[in-house]
Amino acid sequence: MRTEGGVGAETRPSERSAGGWALEVELAGLRLANPTVLASGVLGTSASLLARAASSGAGAVTTKTLTLHPRRGNPNPVVVELDTGLLNSMGLPNPGLEPFLPEIRAYRSSGLRSPLIGSIWALNSEEASTMASMIQEAGANAVELNVSCPNASKDELDTIGSEQLVRELVEAVRRSVSVPVFVKLPPLHWGLTKLAGAAVDAGADVLVATNALRGMAIDVRARRPILSGITGGLSGRALKPVALRAVYELYGEFGDEIQVVGVGGVQDWRDAVEYLLAGASAVEIGTALIYRGLSVFRRVASGIEGYLREEGFHSVEEIVGAARRG
Amino acid sequence: MRTEGGVGAETRPSERSAGGWALEVELAGLRLANPTVLASGVLGTSASLLARAASSGAGAVTTKTLTLHPRRGNPNPVVVELDTGLLNSMGLPNPGLEPFLPEIRAYRSSGLRSPLIGSIWALNSEEASTMASMIQEAGANAVELNVSCPNASKDELDTIGSEQLVRELVEAVRRSVSVPVFVKLPPLHWGLTKLAGAAVDAGADVLVATNALRGMAIDVRARRPILSGITGGLSGRALKPVALRAVYELYGEFGDEIQVVGVGGVQDWRDAVEYLLAGASAVEIGTALIYRGLSVFRRVASGIEGYLREEGFHSVEEIVGAARRG
Amino acid sequence: MHLTAEVREVEKLTARVKLYVLELKERLGSWPGQFVMVWLPGSGEIPISVARERGREIWLVIARVGRVTGAIHEEVGEGARLWIRGPYGRGFSTSPGRHLLVGGGFGVAPLLRLADELRALDGPVEVWAALGFKSADDALLLEEFKEVVDRVTVSTDDGTLGEKGLVTDVVELDWPNVVHASGPEPMLRALAFSCLQRGVRLEISLERRMRCGLGLCGSCEVESTGMRVCRDGPVFDARLLASAEFARRSLEVWA
Amino acid sequence: MHLTAEVREVEKLTARVKLYVLELKERLGSWPGQFVMVWLPGSGEIPISVARERGREIWLVIARVGRVTGAIHEEVGEGARLWIRGPYGRGFSTSPGRHLLVGGGFGVAPLLRLADELRALDGPVEVWAALGFKSADDALLLEEFKEVVDRVTVSTDDGTLGEKGLVTDVVELDWPNVVHASGPEPMLRALAFSCLQRGVRLEISLERRMRCGLGLCGSCEVESTGMRVCRDGPVFDARLLASAEFARRSLEVWA
């Protein structure tokens, strides 16, 4: 497996650096060399791309969200670059779970230590349960249940947004696997803690907040929506304040029972530290790869380390949720 | 009444310019010289500031949202400037409706032709009804019912987000006044058309989309939320794709029955035109005043005019909703 | 977002007033008369004029008047941090010529920043400062002014230092091309009256309760003028005072 | 957001291939080998190499192969508009020396952009182009190449123009410092084999189905290498071909 510039596992950020500041974090029992995670849907489409992200310094990697059956997704254009972030209407393209399992096995046998989180999307307990077992069987270190894709069809959205369904899906997954169960939530305006509460009650180990907002862009000369899917997920900088608020709310409500992962617009170490202070135990990074490239993981991680040192902390854990204690 | 640089009503953008391109729009029977509107909460705290916005070219002006009783709002800090927009947690500070009525009268007697929209916030039909009649009595040309303040308390938010309450409030206002009733909606992730449907059924004339998102920011050195209200409304550029999507959805669902006003991140004419194409009959402008100053109204208006000319249109109305027809 | 500033020095200037010397990561780049919003986490955020800017250092002169200024006086020592955003607002004009700076109480602070700037001008400049205080104990920054302006006159209400009387009474208004003033509003009003009568150009720095500092929220409007202290000011042509009703408004809750 | 481009000229180069000369509001600023995503509203968005850039004008050479290219051929005439975003990707290297450009079919397009750039270099440069086509009817851009490179050799599979045979068979590999190639993948593979054997540096431009063009979605991965055509390419060192399994993958739905 080829990795960027020949960088291998041995040059990953050291788990405990010279000065004694530890970047290592524990996430529902998984050990991450640092709190950066490759977000779902970004470079998670093959073993080799997952490996490349891990070799580039991601503390954990997430697969593209998989469905039981193959999905073509939407035709192009599927992205719009905005001044404040990115719109995408990929539409969950994926080959279906089964054809993807070899990629998971290949990643797991690569020797890379960053845990692999397998992301799945299902609309009933049976599917969720089948998929979760299969993905664990193939070697996923955790299952992430995506209940928040902004590009699902209208019917799917109505279904997936329901507390009842979230409860059922999480219960089904929880029963089917022994690895930790992550639940990836939408950036709801109101009512996020209710939806999350259903997931927590049903046995989720980690809440991931958040998936993209729903937005759109229109070209004034073409006089039509740019995305073929018309609306799409808004990720990147624009999402950050909203997802940060979500993390803060979730940590406040469930911080005693469960861990939270922050995602949305992380571009540099400051963003990451804001999420940690809000209550996240780790941060996922997606859109920033456009602007920062794969080195973003290493740069964010070493920036967090610098911050810990400057502010007199000795571990990431110490600052998790500190904005609630301040 | 003093106006910026001595600019008076006579130098407002002409209603029909030399080339014959009309910027005038009709909004629920009100005539706006151009489709730009001063957003609620921004410079709408006195007759003199409302007049200054109108003299600077706003086609209509909206008052700060008023409540029946005075509200102090939150202590400082109440704003955070982000790279993608603004967070504010003003918290609806206002002197209460009654003490504000003289300001409305003063504005209306100033001779400025931009209609005044009186924004109100109420949690029960009785209050809403009283406030609406009083504000119409004082001379407001329209009443805007704000059911979407992101800085209301948690209890208030839970209440106000309900379809049932929105229906009741809108009905109460509708019964109490003869002027048009605007309803200002939140940027919901899902379910916006349901909430809006309640407003439309109850007799709203105009849907205003949207109020700010809910977000927050943390200072990494202070290790605490910056806003005293902890979370706040996210306005400006970050909001634009989301509010644009909301306008597009609302126009698609209710465009035959009702008009829509777009608000969120309008900074230049392109933004405004995107909203018009999505289905808005006018656009409100708030946060952009930070970066563009009061001249933003005139600049956006003349930019729209340039666009109409370049693309061969003769009125704003022609392009309203065109992105659905393309 | 705020800039984090290290407090390098705290000096007690009078019983109620302290000087804070802050060091920033980068140059602030303020114009004389501009202000910053100063945030003390846990307490609040208030507008304070920049009294001096040298490299990455700025001086803030903070009088203890209430909750936030009290907390700053009590909690913020050398080595501590303060958070600022800005600089904001429109400041004083600075063309060559004869400048008279009229300050009252801790309102003299922004005038020091102005004096520094005028001193550094290329053209022919003469700068006088007339500084008024209640009493000798309230006098502040006198040495600093003496270093940069051509002449300093001090007055006190009780005559314990310099001339006895209000600064507006003792000041000499025929000499300058332009007068710049900062201090309590009654002082500014009296001065405006004198200057407008004589046709002397007067720039005044006004204060109002501030919230956003960005020109949006309307809190800082100079009553019924449509003018915002944070954005159109804090420095205004004194004729604004004449054209405005300028009565403290009863709707204090807006402020 | 996309840039709106006016179509200034459309020229039919062969039965299947058209040249589109677009005018932008501003210079695109592409590097040889880079591509743009071309959007035809209502039809779709596809990657197309920049074949030439002159001031605010760019040339796109578009072969009709399917839905979107078909719609462009049919609907987009002179005076119409196309929308583009980019330029994207890493292109060819351009140091002085002896360059051989090997192109097949409409794959020659990005090599013209490279030839222009090499021609404009300061140092001593010699550029030869070896262009292969199926038949004389498929030959394109020959005049343009002749204007900017030192020597052009043409070959056709059926011998109707130039030498008869595959361009990879007729090409002279001992002369150049570096070979740049663009064309059908079998051609590139054959060329890679020859070059790697001889130790000649070879840069190849690859194509894969693209979605985001931004390096995020993974659609354009060169199978099992972790390399993305849109971001790490489209131009790669030919050794990538050797190190990769490089078998068209069965999971076509990803693409």
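Remarks
In this document, chain identifiers A, B, C and D correspond to the written order of the chains, with residue numbering beginning at 1 in each.
The definition used in the following text is that a residue touches a chain if its C-beta (ideal position, glycine included) is under 8 Å from a C-beta of that chain, and two chains touch if they have at least 3 such contacts.
Here the structure is a predicted model, which means the values were calculated and not measured.
Shared contact partners of chain B and chain D comprise A. Most remote chain with respect to chain A, judged by CA-atom centres, is C.
Centroid to centroid, with C-alpha atoms defining each point, chain B and chain C lie 36 Å apart. Measuring from the averaged C-alpha position of chain A to that of chain C gives a distance of 50 Å.
Along chain C, residues 41-42 each make contact with two or more other chains. Among all residues of chain A, those that touch two or more other chains are 82, 217, 221-222, 224, 326. In terms of inter-chain touching, the protein chains here are arranged end to end in an open line. Looking at which chains touch one another, you get A-B, A-D, B-C. Against chain B, in their complex, chain C makes its touches with residues 1-2, 4, 37, 39, 41-42, 44-46, 68, 81, 83, 85, 210-219, 221, 224-228, 243-244, 250-251, 253-254. Against chain B, the residues of chain A that register as touching in their complex are 82-85, 87, 150, 157-158, 161, 186-191, 213-218, 220-225, 230-231, 234, 237-242, 244-245, 248-249, 270, 273-274, 277-278, 307, 311, 319, 322-323, 326.
Every residue of chain A that touches chain D in the complex is listed here, in rising order: 1-4, 41-49, 51-52, 64, 70-73, 75-82, 86, 88, 90, 93-96, 99-100, 217, 219, 221-222, 224, 226, 228, 286-287, 289-290, 293.
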